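Below you'll find the structure I mean.
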C-alpha cells in the first residue's frame, strides 16, 4: 500500500539524503537526525524539565533518608515536616486537599496560586508536594541505575557471547539462564528485609544486576545474525580486529534494538519498583518513591484522587519521555534509516538542482 | 547443564529466602497462653533448628526423588502438598496468560506492521503514544479503572441498556477518528472516511441501543453470513490477493457452506455440548477448508488451502461465538449472576450450577475478560515497538529492494518477504515473555483474584512458606530456562544464517 | 486504490449495520435482589482444612468455617461477652476447693449430628485427647513436647492450662450426657478451656475404612467403640483415628466425591463444595438443632480475595456481599461512597501500645544500659524514670489517633488501660484511679513542654531544636504503612521534647526477632488477645512473663498477677489490675494507644451483620443474617 514512487522522485530523495549527510561524521549525522525527531526532542525537553524541577525542589541527597548528605531545595517543606491537617479547599469530610489553583480569577473568582500545600497533604499531614518531589527523585535514580547497569551488562555480555560463540557463549548464556531463574521479587524481598533502609541506590544496583538478561539475549541474537553478514566479512578481510568489528561494525547496526530495549527496560524499571512497592518489597518508609506513593494511595483513587494522580502522572510522564527518546535514538542510529522526505523537500531539491 | 543451573539457583534462593523470613515473627508478640508450645511445634515442623544450607538438602532430596518415582516438594505451612497446590495453579496461570499473550502478539504485530508501513504518519504517532502510555501504566491502576468502567459501569448500563447521546456520539467520533487514521489518505479522503465510519457507527449503535441488543446480544444467521463473507474477502486479500479469483471463489464458497450449515449446527449446540465436540467441529471445518482449497485451484495449492482453511475456521468461530452470545441473556437471568454478567474477580462464579456447557463457558470467558484486557494492554507495547522496528529494518534490506524491482506486488513484498523475516527476532521475546508471564503475573492475579502461580508465590513470600516458595520457583525457573532453549532453537531454525556452535 | 478503500470503509459500515438484523426487540427487567438467599463472604485466605485444630491449619478461614459448621457450648458476641449456647447444653462448676476444681458439661437430649446420630457426652471426650499431653504419652500417641517428632494427634491444644492442670480422665455420667472435668486448682479461664463436641463416630468409621454415611445404629456402635478405645487407651485404634484427624481433614477441594463422613458436623450449615484456593460453599444443614435458629439463608460462600481494593470493587459489583478487611482511610471513604453498601466501623481485638525498656531482655545476658534503664542506684533510677516519663508525656497519642485511626473509625478513643479496653466493666474505674490522667491532662503542647522540662533537669542544653537523648525504637515492618506513619509522628513529636528517636536496622530475624534483645529503648506494636481473660495480660508484666520483653520487674506487680490467677470477684479483679496499672504509670513503663480499627462493608440489603472484635469476628452471629 506504500506509495509507488516515480523514478525522478527517488533520484530526488537520494539527492536530498546525500546532500543532508555530505561532509558529516557518523556521530553528527546521528545527532542531526535525532534533533529532527520532533517527539523525541519534546521528550528530551520534558524529561530535562522534570528532572531539574524535581531535583531542585527536593534538593539533592545521597544516602538514606535520615543519614543523608543533602543540599537544600527551593521547596520550603521536607518530607519529615509534619503539619496539622488543613481543611482548606476541601469538600465536606475531607482534609489535606490540594491548594493548587490553576484557574485564574475571572473563571472561579479565587485567582491562581500555589497555596500552602499545592498537592495537598498525606495522611499524617506531610506536604504532598515534597513527598512527590522526593519520590520522583528516588524513582528517577532507581530508573537510571537499573537502566545503566542493565544496559551495560546486557550489551557487553550479549555482544561477547554472540560474537565469539562457542564455549564463551555457552558459559555466558548459562550465567544468563542462572540469573533469569532468580525471581526479581525474591531479590526485592531480601533487600527489603536486609538492607531496606539503606536507600534506593542499593535497591537500584541490586535490581540492575538482575535486569540485564532480556537485553543480553536480544543483543546476542543480533550479533549472531549480524556477524554472518557481508560487511563483517569485508571488515575481517580488511584486517579489522575483533574489537573494531564489534564496536565499529556490528554494534552500530544493533544499536537500534539495544536502545529500544534499554528504554523499555528503563521505563520498566519504574514500573518494577512500583510493583515491588505494591507488594511491600520496594522503597519503604521513611524513603518514598513514586511507586510507593501510588501503591500506598491506590485506594484513594475515587475519594482523594490527588494522592493518586500526582505520582501516577509523573510515572507516566517520565516513562513516556524515556520511550519517545528511545524511539528517536533508534531512528537516528539506524544506518539505513531514511528521513521522511516531504513534498517541500522535493520542491527545494528540484529547485536547487535547477539552479545548479 | 540446565540441571546444574537449577541446582545452583535453587540453593541460592533457598538460602536467601530463609535468611529473609522469620516464621516465628507472629508468635513472638502473641499473648496466647500456649505460645511456648506453638513455637516448639513450628520449630519442629519447619526444622528451624537446622541451618538453611543443610535444610536445603532435605528439600533437594524430595525433588531428586522424582527420578525414582517419589517426587516430593514437601508440604506448605498449612499442610497442603506443594505439588498439589502447584498442580491446581498452573492450568489457571496458563488460562490467564495464554489468551492475553496471544492477543497481545497478534494485535501488537498487526499494529507494529501498520505503523511501520505508515512511519511518521499521524496513525504512527498516535499508536506510538498509546502503546507507550499503556506500557507506562501500573497494572493495578489499569485493573481498578477497567473494573470501574468495563465491569461495574457496564453492568449498571445493562440494567437499562440504552446508550445516552453523549456516549453514542463519543463512541462514534472515536470510531471515525480511528478508522480514518488507520486507512489514511489525503485530507479530503480522511474527512470522507471519518464521515462514513462515524455515521455507520452511530447508526449501528443507535439501532443496537434501541433494540436493547446489549442485554441480549446475538448475531443471527444473516450477520454471521455477512461477517463470514467479510472474513473471506480480507483473508484472501492478505494471503493471495483478491485478483486470484479462484481462491476468492473457494473462500466465498466456504462462507456460503457455513451459512447453509448454520441451522443444522445449532442442533449440536446442546447443554451437554463438550470441548471434545468443539474440537471435533473445528477439525471438521478445517477439513472443509482444506477440501475447498484443494479443489479451488491447481496453481499454488498450498496457499489456497491455507486461505480457505483459515476462512473455514474463522467462520465456525463466528458461529460458535454467536451461540455463546445467545447464552448471554439466560445466563444473566440465573440466580448466581443476577443481571450483573461482567465480573471483576475470580476465575469462575462458584454459585453457578454446573452442567450447562454454555453457561460455564460464558462464565469463564467473562471472568477472563478483564484480566485479558489488562494484560494485553500492558504487554502490547513491547510487541508493537519490536515488530515496528524490526519491519522497518527489514524493509530497508536489499532483498526487499530486489523483490520490488522484480515487480512483485506490494502485498507480496510485505506479507511474504518482509513480514516473515521481521518476525524472527520476535521469537526470542515471545518465548521469554511467555515463561516470564506464567510466573510473573503476580500483581495481575492478585488484583483480579486469580489463584495461579503468582498468587502462590506471593503467598509463599508473605506467609514465609519456604517449601511453597521453592516449589513455585522450581516450576517457573525450569520453564524460563526451557523457554530460552526453545527460543534458541527456533531462532536458528528460522534464520538459516545463524550458527550457534563454531 | 481510492475506490477500493472507500468500498472497504462502506463494507465495514455495512457489516456493522447488518449486525442489527439478528435482533428482536425485548426489554429486560432486572429482578430485584429481594429474594436472594445466598451470601458471599470475602475471606483473606482460602480454606485449607476442615479441621482448624492442628498448628498448621489454624487459619482464620478454617476456624470460621468450623464455627459455622459446628456449634459449641459458648461463643463471643460483638460486645466481647462470652455467651452460653443453651440450646446445645450447659456447664457449671460443681466443685471448687484448693486442690479440686470440677466443671460439669451437660448436653441437652435430642441434639443430632448432620447424619442424624444423637450427640452425647462421648462426643466431648476427644477434646481431652487433643489437649492432654499426658494422655497422648500414656496412650502411645507421642509426646507433644518432643522437639523432633510431632505427636500422632497433631493438635494445637497441647501446652495450655488445660494440659497442665487437668487431673485424670474426664468422667462420663451414667446417661452419657454429662462429662465432668477435674483440675488441680481453680482455673480463672475455665469457661474457655472446656471441651467441644466432635463427631467421634465418623472418625471411628473412617478409621474402619468406611467411605459413605452409615445407619444411625452403626454410628452408635462406632461411638461406643470410641468410648472403649478412649477409656482403655487403645493405642492401635487411636492411632488410626489420629491419622484421620491430623491428615484426612486437610482437604481444600470438596465435591460430591468427597467422603461424606468428613463433612459430618452439628452446625447450621454443612460444607457442600470447595474449590482449592478459591471458595467454599456451605448449605443449610436440614437436621440442625444444636444452636440458635437461622434466619433462612440457604447458602453461605466464603470466597478468597487477597486484595482489599479488588474486594471493595467486587462488593460494588454485587459479586460479594460481605467484606471485612484491614482498611485505610481511603478505602473506608471509598466503601462509604458506594450506593447499596453499608459500612460498619468498629475495632479489632488488637491494641497498639508503646513500651519502654527497663532492664535486660530475656534473650540476652548483657545488661541494658540505655537512657531508660532502671537501676538500684536511686539517683540513676530517678533520672531514668524522669526520662521515661518525659518520653511518654511527649508521645503523640492523640495525634496518632486523630490522623491514623479516626479517619477509619470515627468513634475511636484513646485506650488508657493496659488490662481493659474502653467499654469493658471496670475500665472507667481503672482510668480514674490509675494516675494515667498524667498523660492525658492538658494539651499535647503542654505535656510536651513539661516533658522538655523533665529532660532539661538532666540535660540543660535540651530544646526543641537540640535533641540530646538518643532513643532507639523498635517497631513493625516498614512495609506496614500505618506503623511507618506512626513512627514518623513519634519522631517529630519526641524531637520537641529533646529526644532523638531513630530506628535501628532489624536483623536477620525480622523485627519480632529483635524483641528480646537489648538493642532498643522503646518499642511500639500491638497485643492481640484472643479471649477475654482475667489473667490475659499477666505474661506482659510478670518479671518472668513470656511477653515481658522489656525487662520490667516489680514485686508488687508479680504479687498482683499471681493473685489474679485465683477465683476473684469483679471488684477484686479490678483492685488487682489497679495495683499493676498504678505501678506501670508511676514507673512510666508502658502506655496503650489505640484499638486497631476494623472495617466491614456489606450489601445494604443484608441485615444482621454485627462484626465482633474477637474470633470468630464477622461470622459470630451468622444465624441472624438475612436479606
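Each chain carries a letter (A, B and C) given by its place in the written order, and its residues are counted from 1.
The definition used in the following text is that contacts are C-beta pairs under 8 Å (C-beta built on N, C-alpha and C of every residue); 3 or more make two chains touch, one makes a residue touch a chain.
Since this is a predicted model, take the numbers as computed values, not measurements.
Asks: Could you tell me which shape the graph of touching chains takes: line, ring, star, complete or other?
Replies: complete
Asks: Point out which chain occupies the most central position, where each centre is the mean of Cα atoms.
Replies: B
Asks: Which pair wins on C-beta contacts, A-C or B-C?
Replies: Pair with more contacting C-beta pairs, A-C versus B-C: B-C.
Asks: If you average the CA atoms of subunit A and of subunit B, how far apart do the two points sit, in angstrom?
Replies: That gives a centre separation of 27 Å.
Asks: Using mean CA coordinates as chain centres, what's the subunit A-subunit C distance in Å?
Replies: Averaging C-alpha atoms per chain gives centres 46 Å apart.
Asks: Where the CA atoms of subunit B average out and where those of subunit C average out, how many Å apart are those spots?
Replies: 41
Asks: Touching two or more other chains, which residues of subunit B qualify?
Replies: Only 19, 21, 140, 144, 148, 458 qualify.
Asks: Give the residues of subunit A touching no fewer than two other chains, as numbers and ranges.
Replies: Where subunit A meets two or more other chains at a single residue, that happens at 1, 192-194, 280-281, 298, 301-302.
Asks: Can you list the subunit C residues in contact with two or more other chains?
Replies: If we look for residues of subunit C contacting two or more partner chains, we find 309, 508, 510.
Asks: For the complex, give me every residue of subunit B touching subunit A.
Replies: 1-2, 4-6, 8-9, 12-13, 16-17, 19-21, 117, 119-120, 125, 128-129, 132-133, 135-141, 144, 148, 381-382, 385-386, 389, 392-393, 396-397, 410, 425, 428-429, 432, 439-440, 442-443, 457-458, 461-462, 469, 473, 476-477, 480-481, 484, 487, 491, 495, 497-502
Asks: Help me check something: in the complex, which residues belonging to subunit C touch subunit B?
Replies: Residues 2, 5-6, 8-28, 30-31, 33, 36, 38, 40, 46, 48-49, 54-57, 59, 144-150, 156-161, 189, 247, 250, 252-253, 273, 275-279, 281, 299, 301, 303-307, 309-311, 313-314, 316-320, 508-513, 515-516, 525-530, 536-537, 539-540, 546-547.
Asks: Name, in rising order, each residue of subunit A that touches subunit B in their complex.
Replies: Per the stated touch rule, the residues are 1-2, 39, 165-166, 169-170, 173-174, 176-178, 180-183, 185-187, 189-190, 192-194, 214, 217-218, 221-222, 224-225, 228-229, 256-257, 260, 264, 267, 270-271, 274-275, 278-281, 291, 294-295, 298, 301-302, 312, 315-316, 318-320, 323-324, 327, 330, 334, 336-338, 340.
Asks: Can you name the residues of subunit B that touch subunit C in the complex?
Replies: Of all residues in subunit B, those touching subunit C are 19, 21-22, 24-26, 28-38, 40-45, 49, 75-80, 84-85, 88-89, 140, 143-144, 147-148, 151-152, 155, 158-159, 161, 179, 183, 185, 189, 192-193, 196-197, 199-201, 203-204, 207-208, 210-213, 215-216, 218-224, 226-227, 230, 233, 329, 332-333, 335, 338-340, 342-351, 446-449, 451, 455, 458.
Asks: What does subunit A use to touch subunit C in their complex?
Replies: Counting only subunit A, the residues touching subunit C are 1, 66, 80-82, 85, 93-94, 122-126, 192-194, 196-197, 280-281, 284-286, 296-304, 307.
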